[in-house]
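Scrolling down, you'll hit the structures one after another.
The same subunit A turns up in both complexes below, where it pairs with subunit B and then with subunit C.
This part shows the complex of A and B:
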């Protein structure tokens, strides 16, 4: 709408009001029609969100305040489930195991992914093939088959001990069955699934303008300096994005521990992930109220860590378009 | 595609994707259900393997032919997920009409009023138990009433590797042994067989073995009023015994034992050739033999020695129960009766669920048994006559599953030296008490 500067302001305001009124009417403008179509397309997703996610979530919130064994009606117990957690040694252990897993596997996986992304970002021929090959573990890694394979590799007579044997280290340790190493093997399994952060890093690396490097090289900056002062700062948004995604995923890891330990979280609870404990309590011991409460604490913990990450990002994530 | 620059809003949007975290919560409030819309459609739910499914469906087919107005649909899954699925179905209001039950769970289900009292159909001979094994039947009662008919029975048993015993050549396998004699014999076996093979699997984690030990001391795991029947001293004696076997090399090292715990029968030390003995249940001979090249033998479990009580008991391998909420009481109960008494059905389901309780059924199946099934049948008969068995009259209370898990964890922690025997016994006893109080 082209405004006539000579028109009195009052009249203009009236016109705008009328226009707003019109657009609120039943008769849709073409823009409105487009939006409607969009919402219609979104409808199945909304239905899924409400029926399969929001509904069960609300009922799980309710159940978390009850004593519920699945077989008979839930009984309201107030905050009892939440308070019980802090006296539950297995719960405390599950928290410890999960935190160790998250804070070791996520940084290691990201370092690994970035290193490989940089290796692949040197104008290699057949890059697409390498990219695909390195991505494969990410597709397979969460699967049951790989978790079973993992058990074989780290078993007494598994691949790891054989390789150690070749280099002269005799080992009969069953890495997967030892409470000291079992969690380590699961962390390695997680790191091995570096594919998706690697692909994202690779895309990010490709977008860093070459001029920066050329200018830096002219000024005599070495490889390390270029990495430290150009690559890394320009990549921080991607690092941040990957970090959030991987962290949230790691908090919820379930399958590897479930399969590798045969559902027990053993040996001696050394691989008792938080989610595995929720599963054991909810479905194994039929303490569904307690399990629901634990799930909500997990949600709060994930939200808390994500918030901390976002708050801290102000100090280390560098957005080019916000440079002042 | 990715852009070179990211503004804060874009990254925030990406972060929102992390709301995927919510999905796990959703999984904890879910409910499932099944629907039986047709007038005489019955649902049967059981755990087992595909071969059990095949046999079960043959029996169902025979039943459907005789009852044209009834259609039974069956579903099956493995033991561990069975209980999750069953409880979820019940929570969703869609309990199956016919439910396969286990002795460890039945008390809990009866307490919640989920199973039909079968006293009436038994009295009316819809379910005819006139020639049924009384020990088996007695062991399956809850509060003196029948809520499920045993489909088979089995005893605790030491399965062993016959080829390894022959190879070790340390003398004849004694007909019976006490726990101490068993330990000495296993140490000899281990010494003779050399590196990588031990006498027995580590049973310190095995609640079935610990139950035998407790019963031989004249107690049961639980009392009739739902308290713990064993003492903290029993636990520490038990841990001490196994710690001795570990030291003498009679039993597999703890790491090997932990490895055995991860994948059911295929990963047991007996199947992997790491141990000669493995304590389990008698109906598993076929399951072990199928996974092994060496020949599997079956032997009575260690006895308590002089002055001890018999420890073994005929355990109901599984029961068939009827849902308390079924719309078709008479059809459901007549299917239960059919399954244990109809010659066609008996032949169809065979001894795959354990040795049947009906004398007629046993006689009918006798000539058709394979050699390993014969072995199991004669073992069951010989234990009954040996005087090493006495009926188990106390049901496992709710919380028994958690106690089983706790024994496994604590015994492992003791084995790995993460805790002392005294502390381990104390913490297991406390855990068990807590599990019972929580139900």
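This part shows the complex of A and C:
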């Protein structure tokens, strides 16, 4: 078919389609067909949305107002589950542990990620290799295998104490069995996985035009000034993005606490992550109603912190005009 | 980056210093993983006394004994994990690409509403829906089978990948669609013949990350798999840990190493694709 260069191809195609349709005498218009096709392609997703996401959400909201042990029918108890939480010392403790975990591990991870990204973004040779090596912990870190390794590393005669022995510090502390340090070992495990935010930072740093630095240097700005007034402001959208992503993830951390504490959240509940407590109550004690109520509080907490972050972003996230 | 105006020599030294810092931090980070590998060849007694990398006594006993330590051998658990991962990968690639094609290319009613809902589900904590899902799968008689782990993937529940694929498909020039339409392609043939082949890099990213996440996923597998015959590797490792404890770290380490090999293999093979995936879309690690 010869194309007339003056006519946009899409229009031409549309006309031809209509022509073809007329000749076939189809009843469905092109728009109707596209509409139908759209819904057909979305059919699996719709099924998933209704059966596995929206349906269960409504259902779990209902269950959160009931006593439900999986074996007998749920019994409506009103707000009882929600009220019980605030008198449940283990729940209060789980909230505390989780907040400490989130608000220590996320900023530390971000600082490491940004620092290493800054170091790597100097046109060094071997960047690809360094980047890959730093990414390995992010890839492996969530697995049961690494959690088992962590358990040994921070045990009485684990790797950490052995290495401390090399430098002459005799330590027989079992870090994972000490209520003071156990949560710390899990924070270290989280920070260890700074590779993926680092890669995102690196991609962001590459977007900053060299001219800005050149201009600033000409104006006599030192290194620190350039970082504070050019790099950091231009990077704030990425800091924000990383922060949300990491925060939402950290609120839901489960595997490391479960494996390192052997499913108990111990010692003395010092690693009782919120999700671990939900699991214990729901699938351990079959308090499914209570577990659902706790899960809804988690959802609300995550939504709340995300909203706060978005609202605050007006004051500290800097968008260049063209990105707006 | 500019360095103020230092001499060439100074810059050389700075560069060297940076290399040293980066290498030192990298070593510190990977040391535990390399040590895990070396410790898996040490007798358990040596694991607790030597932080060095070279075993004094080399042994493969950990691997042989660990492999058969539970009621079923790890043949079963590895096979189970592979089946679950394969199902999840196929499911995600098909269902997410279908949804992404619709969102990226087709016009239909209430599209904006469905799109917003889809984005909303990305951040939804799994804990909020897990209890009703468990009840549903239990009623269907699917608990203790792989279905609760695979079927959701065929229903595009990993909305993150839909989003990833939409972004990619939007970047494919529309001229190709138009040309295909002229050649008589309908929406289905367009999806199969034009969009899928052109979106293959994004489909590969989806497949690889689905595999890696499913392989190391613990929570869902822990909940839905009760019987040892259907255990996957992470659940089996946990049972192994609980049943033996400290006494057999050597064996635990050996199986842990084996369990990390598929992830590591994918990483070596598709390193560039993985890192680009993280850099451009912010996939978490």
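Assume the second predicted complex is superposed on the first by the 277 of 324 C-alpha atoms of A that agree within 3 Å, B and C clash if a C-alpha of one lies under 4 Å from a C-alpha of the other, contacts with A are read in each partner's own complex, and residues count from 1 in each chain.
Note that contacts are C-beta pairs under 8 Å (C-beta built on N, C-alpha and C of every residue); 3 or more make two chains touch, one makes a residue touch a chain.
Everything numeric here is computed off the predicted structure, so don't read it as measured data.
After superposition onto subunit A, partners subunit B and subunit C are found to clash with each other. Once the two complexes are overlaid on the shared chain, A:132 sits against subunit C while remaining clear of subunit B.
Residue contacts after overlaying the shared chain place A:245 against subunit B and subunit C alike. Using the contact criterion defined above for the overlaid structures, shared-chain residue A:103 touches neither subunit B nor subunit C, since it reaches no partner.
When both complexes are overlaid on chain A, the residue A:31 reaches subunit C alone and has no touch with subunit B. Legend: residue contacts after superposition of the two complexes on their common chain; A:316 is shown touching neither subunit B nor subunit C.
In the superposition on chain A, A:264 makes contact with subunit B only, while subunit C stays out of contact range.
Judged by the touch definition given at the top, the superposed model places A:287 against subunit B, while subunit C stays out of reach.
By the touch criterion defined above, A:76 reaches neither subunit B nor subunit C.
Between subunit B and subunit C, it is C that contacts the larger number of residues in subunit A.
In the superposition on chain A, A:53 makes contact with both subunit B and subunit C. In summary, superposing the two complexes on chain A brings one listed stretch of subunit B into steric overlap with subunit C, and the stretch in question is 261-269; the others among 189-197, 225-233, 261-269 or 423-431 show no clashing C-alpha atoms. Put simply, subunit A uses residues 52-53, 55-57, 59-60, 63, 70, 151, 155, 200, 203, 241, 245, 248, 251-252, 262-263, 275, 278, 282-283, 288, 291-292, 295-296, 298-299, 302, 306 to touch subunit B in one complex and subunit C in the other.
The part of subunit A that touches subunit C in the complex is made up of residues 1, 9-10, 12-13, 16-17, 20, 31, 33-39, 41-45, 47-49, 51-53, 55-57, 59-60, 63, 70, 116, 119-124, 126, 130-146, 148-149, 151-153, 155, 157-159, 162-163, 165-166, 192-193, 195-196, 199-200, 202-203, 213-214, 217, 222-223, 241-242, 245-246, 248-249, 251-252, 254-255, 258-259, 262-263, 275, 278-279, 282-283, 288, 291-292, 294-296, 298-299, 302, 306. Residue ranges of subunit C in contact with subunit A, taken from their complex: 1-4, 15, 18-19, 21-22, 25-26, 29-30, 32-33, 35-36, 47-51, 94-95, 98-99, 101-103, 106-109, 111, 114, 117-118, 121, 123-136, 138, 152, 154-157, 162, 174-175, 178-179, 181-182, 184, 186-188, 191, 212, 216, 218-219, 222-223, 233-234, 237-238, 241-242, 246, 249, 252-253, 255-257, 259-260, 263-264, 267, 271, 274-275, 278-280, 282-285.
Residues 1-8, 11-12, 14-15, 17-18, 20-31, 80, 83-84, 87-88, 90-91, 108-109, 112, 114, 255-256, 258-259, 261-264, 267, 398-399, 401-402, 405, 408-409, 412-413, 416, 418, 435, 438-439 of subunit B are the ones touching subunit A in the complex. Of all residues in subunit A, only 52-63, 69-72, 151, 155-156, 173-174, 176-179, 200, 203-204, 206-209, 237-238, 240-241, 244-245, 248, 251-252, 260-264, 266-269, 275, 278, 280, 282-288, 291-292, 295-296, 298-299, 302-303, 306, 310, 313, 317, 319-322 touch subunit B in the complex they form.
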